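One structure is given below, encoded as structure tokens.
As written, the chain order gives the labels A, B and C, with residue 1 at the start of each chain.
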Amino acid sequence: MKKQSFSQRAKKDFRRNRALYLLVLPVLAFYIIFHYKPMYGAIIAFKDYSPGTGIAASPWVGLANFTRFFSGPYFARLIRNTLLLSLYSLLFGFPAPIILALLLNEVRNKKFKSVTQTITYLPHFISMIVVTGMISNFCLSNGLFNDIIVLFGGERSPLLQNPNLYRTIYVASSIWQEVGWGSIIYLSALSGVDAQLYEAASIDGAGKWKQMLNVTLPGISPTIITMLILKMGSLMSLGYEKTILLYNASTYETADIISSYTYRVGLLDQDWSYSTAIGLFNSVINCVLLVISNRLSKKLSDTSLW
Amino acid sequence: MRKKNVLAVILSAALAAATLAGCGGTDNKDGLQTGNSQTGSSQAGSSQTDSTQAETGSQSGTALTYWCELNQNVSANYSNLGETPFGKEWQKETGITVEFQHPPANQGSEQFSLMLADGELPDLLEYAWMNYPGGPEKAIKDGNIYELTDIINQYCPNLRKYLDENPDIDRMIKTDEGHYYCFPFIRGDDRLCNTIGLMLRQDWLEELDMEVPTTIDEWHDVLVAFRDKKGATAPLSWEYTMGSLTSANPFAYAYGTCREFYLGDDGKIHFGPAEDGYKQYLELFHQWYGEKLIDQDLASLQLDQVSAKITSGQAGASIGWAGSRMGTWVNAAVQTNPDFMLVCAPYPTINKGDQPQMGQIDNRYPNQGSVAITTSCKDIEAAAKLMDFAYGEEGHMMFNFGIEGESYNMIDGYPTYTDVILNNPDGWSVAQSLSAYIRGNYNGPFVQDIRYLEQYYTIDTQKESNLIWGATNAAKYKVPPVTPTTEESKEYSTIMNEINTYRDEMTLKFILGDESLDKFDEYVKTLNELGLERALEIQNAALDRYNAR
Amino acid sequence: MKIKRSMGERIFGVFNYIILSLIMLLCFYPVWYVLVASFSDSGLLMQHSGLLFKSLGFNTDAYVKVFQNPMILRGYANTLFILVVGVVFDIIMTSLGAYFLSRKNVMFKKPIIILIMFTMFFSGGMIPFYLNLKDLHLTKTLWGLIIPFMISTYNMIILRTSFESLPDSLVEAAQIDGASHFKILGRIVLPLSKAIIAVMVLYYGVGIWNAWFWASAIIRDREQYPLQVILREILLQNDVGSMSAGVSVADQEAVGMTIKYATIVVATVPILCVYPFLQRYFTKGVMIGAVKE
């Protein structure tokens, strides 16, 4: 009975929305060709891929590549580093643009507001290569940061050589680069909050602080939660670009993360199957995290990605 | 009802298929069209290069594709090796058209790796072939490159002759199975093999009334004097991030060890970083680092920082090449400080008067810039002919000296560079103008000639460098170019990747003091747990096979 | 404001301005540093340590050298090509997807959304992606930097939310008039969404301008390098010589440091210049595209 109605509905739907489905075809094709087809290629994670024989004909090795990673000497460290770096990025990096947006929202002077916005967007436009180049220069023992440290009575030291400082530098520079840009989305959400609500609140005698808690935050909370879920899903997928440009052997202890390790074994050591296996593991973790956080959010706040 | 259901399924399947086929089709078409228009526009943009290629007039057959990294001194003025006078001359002499492909600087191994992954190879591939994962024999077995024995015998009289006359080289460039796999880069003279060593400020030494240091203790005194009396903030500074320089650390050699494998007195291969000498070296460097005798930014040092420090007097001593470091620095610094002069120092010893034992030395076949013919190559004869040219008399002169009458003249039987090279009218540096005409000043598939070096070095102390740095027994400790078997190679590279990462990390930690040297034994234990013994076993077996070649 | 602001609010207001000014300073200073360093005298810069507020001396040699390098100009041309063609393709494809996802009463919308969203968190990995490009003959061509990156799922979701906020009656009325979906999208939806499209242009544009990794992986002809790959060569290779064609060895050292800074400026300024043109859309406060739902 149910099946029947499904096929009927489907037929009806196709008849009515044919043009719409046609319209989305190129988009679907794009996803299938550039996202799903490589996923098929990811089966080399279970094979001993060799280019001469090709993906299909390379011999199966089962989970060998995965067990090699799990039992490898760096497994625990890579997981720890990736998780900690992500967590710190989330902990400090996620609220930063929200706070900036809230502060900006309180500015009455239009000119000041737009100048602040423009200037805080600046760093976003600078490429990763340049940003890391600047960081490395500023962190040298005779670099800008050390000049400032000396100014405050500290002692000179090469900052990028200190594994204890690496995460701070990484997270702080990311915030620096993205805080302004990230605030755009919250600012627009803020502009969508109904002005009448504020009026009503102030008539009720609510001060600025109370207004923020009772009107502003609830008003933008769907945006915040959606962004948070999206972030959770990519918690483990820190890119390697910044890491490989910023780390050196003395900071491996805190700096080496899954993606940079994958990059090294996959591209520099030509261990394609192994690196794909690690990448796959990473993707699976992402999905699990995403589903968990989405479910939590659905329960707690009724906001869900799907 | 069931029919309808089936119909729906078929419909959606058809739709999906149409999606894939239709759009895949358009995408591909897009790709092709755009591909064409792209080449069209790039041709328009680079019509000059095209016309120059046409000028070479080699219309015989299709072009061979040739992938190699482009040397920095070439990329300064040319975007393609085929545009250089060298590239044009090579094609003209052999009558073979070559289309060169280059990766971005520092991305060579990434692109090489991806090329191998997709199996779509250029006809000729220049690389450090012993670094192929699994070794050169594996490259042949994987079906990526041709085994060259027959090809060399048939089409390459020049190389055949050279190898017959030099059996020691012949042994180096073969696999254990006796297969040839590449057209090798060969250093034509032992003196070309000592390239890296210590250098320090001669003018400072004279001013401080000190001798060129020869022992560790004397070095300590000199560096302290540089620090205290000359105000050097980083008395000893070199590009730590450059693997070849850090491997050739003269102070580690002094303790009879090094960062790599070496050949011990017992005729077996040893791993330097696991031995007691390495601990002594680390202790020394830890002490020096604490005394601020070594650059505090050690771990991230790169060329630009070191250059700035040396030329501005923040650093007084360095490790490097006589040409690209010493020469460049002296020439740059004398502009602002006419007294500035560097001097080569011998490899230091622990006791005064001892002869230094270990030192940096290349094998005559140094595993770089060697060309293999890939299985994608359709015209093997042309490829072999192109390659063999360099090993003949004419080709040898061209690869090392360029074009007679243009870049060099024969004066009393000695090929002497002209002013085009030594005083370039466009103001190019010697290295840049050399690179336009020859490959002798870096590497490539040919035999390097010492006479290039004799003219390239212009400062007296540079000319002495290979005597001073070469006064060791380095050759005795040098591991010949051995390769693990195909079966062992994956195991070996897995072990060594992890060992090397761990060694790099711990070495720095010991030097910087993040880890106490009391932990050295634990560090050695970890090395063994990572499989060092197995790696040594594989290496020594490979050595036995090499000796049996 | 009719209600008088309380003391606390005023104090907050002052602090707010101070904090925001500090943030501005933090964001601005490093950029300023690079700018003045690029105009400085190289010798002075090398010996200088500490903060830099204005250029040490004034010297434009570095810029002359940068523009003498033929690679830089080629890089500009290539990047411009990828940028223009890429952004057009990106916007078209993203609007198509976003329009579909913003329609109501479409039965297979949900599975399609899931199909699309899944790719944000699960990928085949670098090597399979590359092998796929090669199968499609998209290596060794600039198109390989455009076609595989046409849609960013994140951007598409933002665009969808914006489309959804347009009144349904507009689309319905057009449908009754017999307009096709293509027409509705092109004649009604897009013109009404200029602001968000401007934002998309900026999002995609910045991404394309700054991308380097895939270019360095798939392009084998130096004539086709985009600007960032050349920039990376200059910055990471540490090879001052390669920058300064036509300079003697000594000069190379002398302008070395400033050349790096000048290159950074040259590679960053154009994309910065795009922003003011699009800025009015931001400040209009019409960024309705906030991810909701």
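In this section, contacts are C-beta pairs under 8 Å (C-beta built on N, C-alpha and C of every residue); 3 or more make two chains touch, one makes a residue touch a chain.
These figures come from a predicted structure and were not determined experimentally.
Looking at subunit B and subunit C, the chains that touch each of them are A. The chain with its C-alpha centre at the largest distance from the centre of subunit C is B.
For the pair subunit A and subunit B, the distance between C-alpha centroids works out to 37 Å.
Averaging C-alpha coordinates per chain places the centre of subunit A 17 Å away from that of subunit C. For subunit B, residues touching at least two other chains, in rising order: 27, 110, 114, 117-118. Across the assembly, subunit C contributes 127, 131, 136, 147, 232, 236, 260 as residues in contact with two or more other chains.
For subunit A, the set of residues touching two or more other chains reads 10, 21, 26, 28, 30, 33, 142, 266-267, 272.
Considering their complex, residues 43, 46-47, 70-71, 74, 77, 81, 127, 130-131, 134, 136-139, 141-143, 147, 216-225, 229, 232-233, 236-250, 252-254, 256-257, 260 of subunit C touch subunit B. Contacts from subunit B toward subunit A in the complex involve residues 1, 4-5, 7-8, 11-12, 15, 18-20, 22-24, 26-27, 109-110, 113-114, 116-119, 133, 142-144, 233, 241, 296-300, 305, 493-494, 497-498, 501-502, 504-505, 507-509, 512, 514, 529-530. If you check the complex, the residues on subunit B that touch subunit C are 27-28, 30-32, 34-35, 38, 41-42, 45-46, 49, 67, 70, 72-73, 75-77, 79-80, 101-107, 110-111, 114, 117-118, 120, 302-304, 307-308, 311-312, 328, 331-336, 426-432. Taken in their complex, subunit A has these residues touching subunit C: 9-10, 13, 17, 19-21, 23-24, 26-28, 30-31, 33-42, 44-45, 55, 100, 103-104, 106-108, 112, 114-130, 133-134, 138, 142, 144, 147-148, 176, 179-180, 184-189, 191-192, 202, 207-208, 222-223, 226-227, 230, 233-234, 237, 241, 245, 262-263, 266-267, 272, 275-276, 279-280, 283-284, 286-287, 290, 303, 305-306. Those residues of subunit A that touch subunit B in the complex are listed here as 3-4, 7-8, 10-11, 14, 21, 25-26, 28-30, 32-33, 49-52, 54, 68, 72-74, 136, 140-142, 156-158, 160-161, 163, 248-253, 264-272.
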